Amino acid sequence: MRERLALSKPTRGACGFTGTWREFRPVVDREKCNQCGICQIHCPDGVIDEELNIDLDFCKGCGVCANVCPKKAIAMVREEK
Amino acid sequence: MYEIRIHSRGGQGGVTAARLLALAAFRDGKYATACPFYGAERRGAPVVSFVRIDDLPIKVYSQIRSPDMVVVLDASVMDTVDVLQGLKPGGTVVINSEKPHEFPGFASYNVDLTGIALAENLAIAGTPIVNTPFLGAAAKLGIVSVDSAKQAIREMFSDERNVKVAEAAYEEMVI
Amino acid sequence: MLTIATGNKAVAAAVKEAKPAVVAAYPITPQTEIIEQIANYVATKELDTEYIPVESEHSAMAACIGAAAAGVRTFTATSSHGLLYMHEMVHWAAGARLPIVMANVNRSLGPGWNIWAEHTDAFSQRDTGWLQVFVGTVQEAYDATLMAFRIAEDERVVLPVMVNLDGFSLSHIMQSLETVEIGDFIPPHHLTHALDVNNPMGYGPMTGPKDYFRFRWDIERSIRDARTVIQETEEEFARRFGRKYGPTEDYRCEDAEVVVVSVGTLGKEAEVAVDVLRKEGVKAGSMRLRWFRPFPDLDLKGREVVVIDRDYSFGFGGVVAASIRAKTGVECYNVIAGLGGQEVTYDDIAEFVRTRRIGEEMWFGVSE
Amino acid sequence: MSTISEIPKEEYLKPCTAACAGCSSSLCLRYVLKAAGPDTVLVIPACCTSVIQGMYPNTAFNVPVYNIAFAAAAACASGMSRAFRSQGKKTNVIAYAGDGGTIDIGIQALSGAFERGTDFLYICYDNEAYGNTGMQRSGATPLGALTTTTPVGKTEFKKDLDAIVAAHNPPYMATASSAYPLDLYKKVKKALSIPGPKFIHIMAPCPPGWRYDSDRTIEIGKLAVKTGMWVLWEREYGKVTVSGPSKTAMKKPQPIDEYIKAQGRFKAATPAQIAELQQAVEQNIERIRKEEEGIC
């Protein structure tokens, strides 16, 4: 059947590996982290999972997680490029 | 082709008169078109509408220039409009009026459609309905059959008084 | 059933038979009677449709687009400024490949305000990807509207169709009308790309030049295929209901040395002009252009052609004349007539033919 | 306030959208879609979201998205909703539009859809300018803010969209903020449980447009609420209730200075304009308080 209209399909990585946009990488200090999940709630891109692992393939390095962390357990570390 | 021009005022139902007449002619088995000339009419302004009746399909859409018959549903429009304009020599004039009007060279008929409507208390928003009684007059002149005139009225109106006024006009008009 | 009806009522009666699930519309003179009649059908339960009385024509087409995308049959009607106000969405409907059917009651454009017949409104939408048909009688308004649904929804087309009828001279005239029971003439509606929550997709997202170009080409390919679909549909309609239509309506053209080409009700009036001319010994014929998009192949070679345009493309010429010149290479006498409801009688048309000057343009009643 | 545990774990945005780093709109969409679930169609007019879903042939959004022209979201959603209902489907129809597409070019369609009682949810995510095209002024841009078309700062106040929508007396309308995603989740949930036209107006800070560092997106949103620049409330069948975060803020709002100073877009705002903004905030708080008390 002919494709009549631009119909896009849901795809992981639809907009590429946005992790490459990053200037600063979030690094979690597991000692300080109390697993409250506030970072996970506020991540604009939803790249922090239930175990609070950050998917660096897609994390854009916005730093929201570090900013909202009540324990200051996330540091934004400059990417070496 | 028989061509009729109807003069009335906005709100008097002249367009509906044309439609009723066309429908009746159509029920007689003829071809007919009813064609209002629409402007930005408002209640009270003079308006015209047209009816064409023929035994063959009608392909003409333009306005009627030289009608066989002119119908004047409101005699007062004659003050400002030349209702005889283009009327064929020997053509017919039908006027809604209590009194006869003379037009040399034309056959003139009058019938008090307004009075007939008022006798039946047939009015919309205070305006007497003159188009359904007119169909009785048209039938009297043989433009359409009486049966088709009544059928056309019943197809467009549920109030049986509309048929009654047509019958009354048929009886009253002298030819 | 045989009855008598206006062009507007005929369109509404066809819509009742086609049973769209959604009708979204906004009133405008002289189209209003169509949507009033549909609203009546809905009120009396003669038509089971979702009637959406929108706040503008832009929204009328947008609502039809939303409804059609959800997979249902849709209809709207407009005219003149309404058509122009929805122009953006007219493009969108075709681009989104939605088989919407729209009646457009042809009317002129302001200023000055003028409510009478003219074709410039419809021709200004000719590049939108819609199929456009122009009708000449009340019966044809009904028949073309019915066929429009089947043509639009055909899998080979999947494009919207605009049925055009002349304001007042056809929309408000009463003529005989034979309504039909369509049975399965219009197959059940099925849109292969209807919204499906079980198969989520992005509809019409940002698209790069290469793919965009491909989708544009598919519109063109489909509108070319539509010629076949139109022909099949009109033949099937003739088989079932006895009335035959084609890309043009030709009258006494076989041996005609001069052919009058026109659109809409002028095309019927032109047939009377042809009869008048024939009596004078002029071998005249009339060709009423019905389909404007896709533009039909016209056989005009070796004849003198008089084109009456009830429209104008400023700085260029009559749209129909220009199209004929471009498509057939045949020169013509281009008469611009009937703009804003100007009266054009069969006598006038006969005179255009008698005084024809091939290669020239004449504005009837304005330029000598 | 909802708790984290009741929020569905499903994500309907696949990693990753093309949104700017720190974009609050994609954060909002995460919660809108969590609340709405998979039986949902998003209707999206021209706005940032037309771009951030990704380019053909791929999309990051895992619900059907219907892209439509700028002015047409509410009307398109109107037709879609009626079509779904005519087919017996309960599918949520959510128009998700920016402030320009809502407050400016789309307001006629919005008004019509609400007047007709369309069964749908209209969400305006408001970043107070035409963000997608590089920050031009919109009717939602606040007094004093720099945009590319207000190079010395906007000289007019933000249009009161909520008053316009409220004039249609919808069964449910609310304001929300990307800084309070759980509050947003709860409001979308409630809105979708009510038949008829619903409206949610989300304040959505924009790092490049408002000129602040992307990590401060939540902080800026919270500052807006704490200063009273943005008040969170719900209006259910005419009854106004101030939402939790604004209850506290309304008792003793912080001066707006901190909110203003945090953003580069206000750097040309004059002290007089800031005073006017402060005054407007106080009047607005007072008005909402009275509405909540049923006084007006």
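Each chain carries a letter (A, B, C and D) given by its place in the written order, and its residues are counted from 1.
The rule is short, and it goes like this: a contact is a pair of C-beta atoms (placed from the backbone, for glycine too) under 8 Å apart; a residue touches a chain by one contact, two chains touch by 3 or more.
Keep in mind the model is a prediction, meaning the values are calculated, not measured.
When each chain is reduced to the average of its Cα atoms, B sits farthest from chain D.
Averaged C-alpha coordinates give centres for chain B and chain C that are 34 Å from one another. With centres taken as mean Cα positions, chain D sits 42 Å from chain C. Averaged C-alpha coordinates give centres for chain B and chain D that are 62 Å from one another.
Annotation: 81 Å between the Cα-based centres of chain A and chain B. Looking at chain A, one finds that residues 6-10 touch two or more other chains. Annotation for chain B: no residues touch two or more other chains.
In chain C, 200-205, 207, 211 are the positions where the chain touches two or more neighbouring chains simultaneously. Every pair of chains that touch is listed here: A-C, A-D, B-C, C-D.
The touching residues of chain C, counted against chain A in their complex, run 95-97, 158, 192-193, 200-205, 207, 211-212, 215, 218, 222.
Those residues of chain D whose C-beta lies close enough to touch chain A in the complex are 4, 7, 9, 11, 13-19, 21-24, 26-27, 30, 52-62, 181-182, 207, 213-219. The touching residues of chain C, when paired with chain D in their complex, are 21-22, 24, 49-50, 52-56, 58-60, 62-72, 74, 88-89, 92, 195-197, 200-208, 211. Per the touch definition, chain A reaches chain C in the complex via residues 1-10.
Taken together, the chain D residues at the contact with chain C in this complex read 38-41, 43, 50-51, 53-57, 59, 61-69, 71-72, 74-87, 91, 108-109, 111-112, 115-116.
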